[in-house]
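The following block contains the structure, expressed as structure tokens.
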């Protein structure tokens, strides 16, 4: 494999079809009425700015999630996948999922991390792009802030 | 490299070999992700030539000591080198005397000094500070802070869709309540060169002092502060091939004389007693504490480097490469150039199709091409153009046409990746 | 050199070879006026080991770019190196988190930051700031300025004839109107080590926050800010073997959170709009503008160097050399030692016969021995001892008994010259 | 000549007998009543702090001069020699003498400087000690300030 090919492959690994699809056609995009939990996620590095909305029912289950804002392909796709994945989870499950995603994507995680992150695996290409890990994890940090009712803006810097 | 060398030989400054200056920058021969580095981020921070790097380490290996306060030889050598750099700065920007050159940690500190020591004591409610829409955060936030502290108001001169500031709009903003006009010479996000001399004249006709943020001017165009006639002029060493941590505030002596000190500490005093303290004379009154001796010595050396090339040559060379850059970018489909002022230096911002600048930045970096993406510390400019950020290529004297070609290739690849 | 090596081997830390660390400092092998340099001026500024000098130039040759704001590889490398240095500082002084470590240009700026952002907003007439008589100008003038700005009053705790501050005198100064106690850990003019932990406890018992000027402590004694429990702790890189232009303000997170920003500019904001600006989180809220990346990287490296030796070993070694220095000075006729506190570090000030310190400095320098002479930016200490200045020898980890012997010889020669 | 001897000679050249004598027994030391011109000279480097007093008569002649303060041997000797030398001069002569002394002592002067600086030659040893030139010239800068009725403190930094 030439350097040229290797480089192209790494890029394609980052910008997989699934990612580009979610970036261009984000699911659950828009404002959620009557959210029970919200948080802003800001990445001052590149101006990513997302607002995440969640509605949690009395039994502690996420019954709806949406997001608004602007961001790079990675952060938007990650937010889109986040909403897709966490709707239906209990908040404690979502928090556990948050930990698994962040540790997998930052490449710092335990290889033996038991939680299967499912579709989020499509984002694993960021491991080769350390500067972009923050983009991929931004919506997840916002998820945590929202569920913790932590009114601070989640920032990755 | 061939493209660049050919074009250098073809044009009318063929005898002037910019490539040999480029070779002085060691970082430019390294590889990034397996490709030779193309560095197009000098507006954020420029690279350092060997002469600067070596001057700093030689200083540290052979003459370091604290300045001003010692009779021993090393202290004397360090003081001479440090004060010698100040003399170089005087000459480089055409100041009237060494008393007018205050050494700071950078443009940001220079502007904060003026905000706190010049503006704060004279501002009250009803007073105005005027800036423009294209300022860097460092020429916005210090004024927001001092306005909050004093009740004064910040007024903003608009820009047009090319990223220009018109003299008429400046004049319209200058009423009787304006206490200071603070304006960039060259926009770091758009590259626009503002008509500073004319702006200063209009302001002075109305007795309004002017601070010029020269951070993006000094590395690219010849500057003469006495010709501009501005009252303050701020810039950073690290954008003009010197180490980080050094900067300059030029101020007219009669104005600096009247200002209270900014920080208290060693070196800015003549005598300290609990009953009262006498401040030192200019410029020391504004230089509290041990200065950044080694970076300032580096700055003196980078000025020597620029002086040897000649700022006129730097400007002509960069201008040619910038023209080439802009015309090559224009050949790409779905290219939106942001910042198309008639007079520009060094910088071109752009958007390519629907690719977020941050993604562009990653794809280019993967091919060894370093550009900056984001708001460039000029969020109001992003607001004006209604973009979350831009991709920005910025040039310095070491860039050439080959760098431009490499960036264009990388942009083509980005389109491909995103088309998949 | 023999004297030193012998004494190193004779004592009970014989296995610990301080001479090999000394060899790391290139300037120490140069000559001054034909004699090998004896550098006894580290309290003014310390020398730099090869690892620090090389870390800076390597950074400049291979990874320089602006930090925080770039997606490209160099910016990422620079950010990692810069933030890595912050992590080293956290560990080195025992802070609770990175949010508590604000990178400044030096002790002077650190103290001015606290004076302007912490004290100024809360001070009014009737309020007091308390310092001691042995403070460096950098821990006096910022308080004089803020008192002038707010109508508050500066109260000074006296010293005794040995140069000590007694806990009783501290307690006596702490009344209900005191808003801050600002005090040096180690006096740069006298070498006295103050009982900081006890002082902090007394102040906290009265709900008074404490700023510690640690400039002369950090290079010489193990420091643990959480153990001291001080609210602020300020120090400079250039006194601990790092390049000039870097310094630290440690502050407790809950206090820093509440303080307004000190300077405005890039990096200290999350969002800037003309309608309003949101500040960044700690520590960035206090770091406006491009930081001194290369000096901070040097500081990280100097901390690695000190950590490898172990601050306990540094302290023990210096203490032994200081004892030797003091006892050798005492053998000279007409020697007046200034600063004879029971607990001391690094510094010995003195007067020899009727020879003005400045003349002593010249005669010693002529023999290659660099000491500092004058007021050492501590004029109130000079007032107290009724001297125009002193001669001061100050030690760092690289000094040894041979350096002391060379200085004593040079002093003997000074007597001869003045007897003529 | 060994290095040791050379070094000693240079030191003796700086601290000549005449200098040490003037430093230990400064002439015209003290406060002058009814001065017409005064100035402070401060060298923040080492804490030299001298106050110079002059009485100039109606014809523009310096009829008396004194000084007070503390300083190193060089600055005190220089001040002592200054008073000794300038008493009796017209102020314009004193100003010319000032120029000659400063240019000779700083080693920057014209070799062919016509004015003979007389006893002040004893201070020429400072040329080998650049850090000390300021001490030697301090009283002279204060003289100039005083005669110019310039109320700024003369400082050599």
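Structural remarks
Order as written gives the chain letters A, B, C and D; numbering starts at 1 within each chain.
Everything below uses one rule, namely that a contact is a pair of C-beta atoms (placed from the backbone, for glycine too) under 8 Å apart; a residue touches a chain by one contact, two chains touch by 3 or more.
Since the model is a prediction, treat every value here as computed from it, not as a measurement.
For chain pairs A-B and B-D, the one joined by more C-beta pairs in contact is A-B. Remark: subunit B and subunit C have CA centroids separated by 32 Å (rounded to whole angstrom).
Rounded to a whole number, the gap between the C-alpha centres of subunit A and subunit D is 76 angstrom. Taking each chain's centre as the mean of its C-alpha atoms, subunit A lies 37 Å from subunit B. Centre-to-centre, using mean CA coordinates, subunit B is 45 Å away from subunit D. Residue positions 45-46, 131-132 of subunit A each touch two or more of the other chains.
Chain contacts: subunit B has residues 33, 69-73, 75, 269, 271, 358, 361-362, 365, 373-374 touching two or more partner chains. All chain pairs that touch, listed by label, are A-B, A-C, B-C, B-D, C-D. Listed in rising order, the residues of subunit C touching subunit A in the complex are 68-73, 75-76, 269-271, 278, 280-281, 284.
Contacts from subunit A toward subunit B in the complex involve residues 3, 6-8, 10-12, 14-15, 17, 20, 24, 45-49, 70-74, 129, 131-132, 135.
Residues 26-27, 30, 32-33, 37, 39, 41, 44-45, 47-48, 52-54, 56-57, 60-66, 69-75, 105-109, 111-112, 115, 136-138, 140-145, 154, 156, 236, 238, 243-246, 260-261, 263-269, 271-274, 277, 288-295, 358, 361-362, 364-365, 369-374, 376-377, 379-380, 383 of subunit B are the ones touching subunit C in the complex.
On the subunit C side of its complex with subunit D, the touching residues are 33-35, 354-359, 361-363, 365-367, 373-375, 382, 388-389, 413, 417-418, 420. Partner subunit B is touched in their complex by these residues of subunit D: 42, 44-46, 130-132, 152-153, 155, 157.
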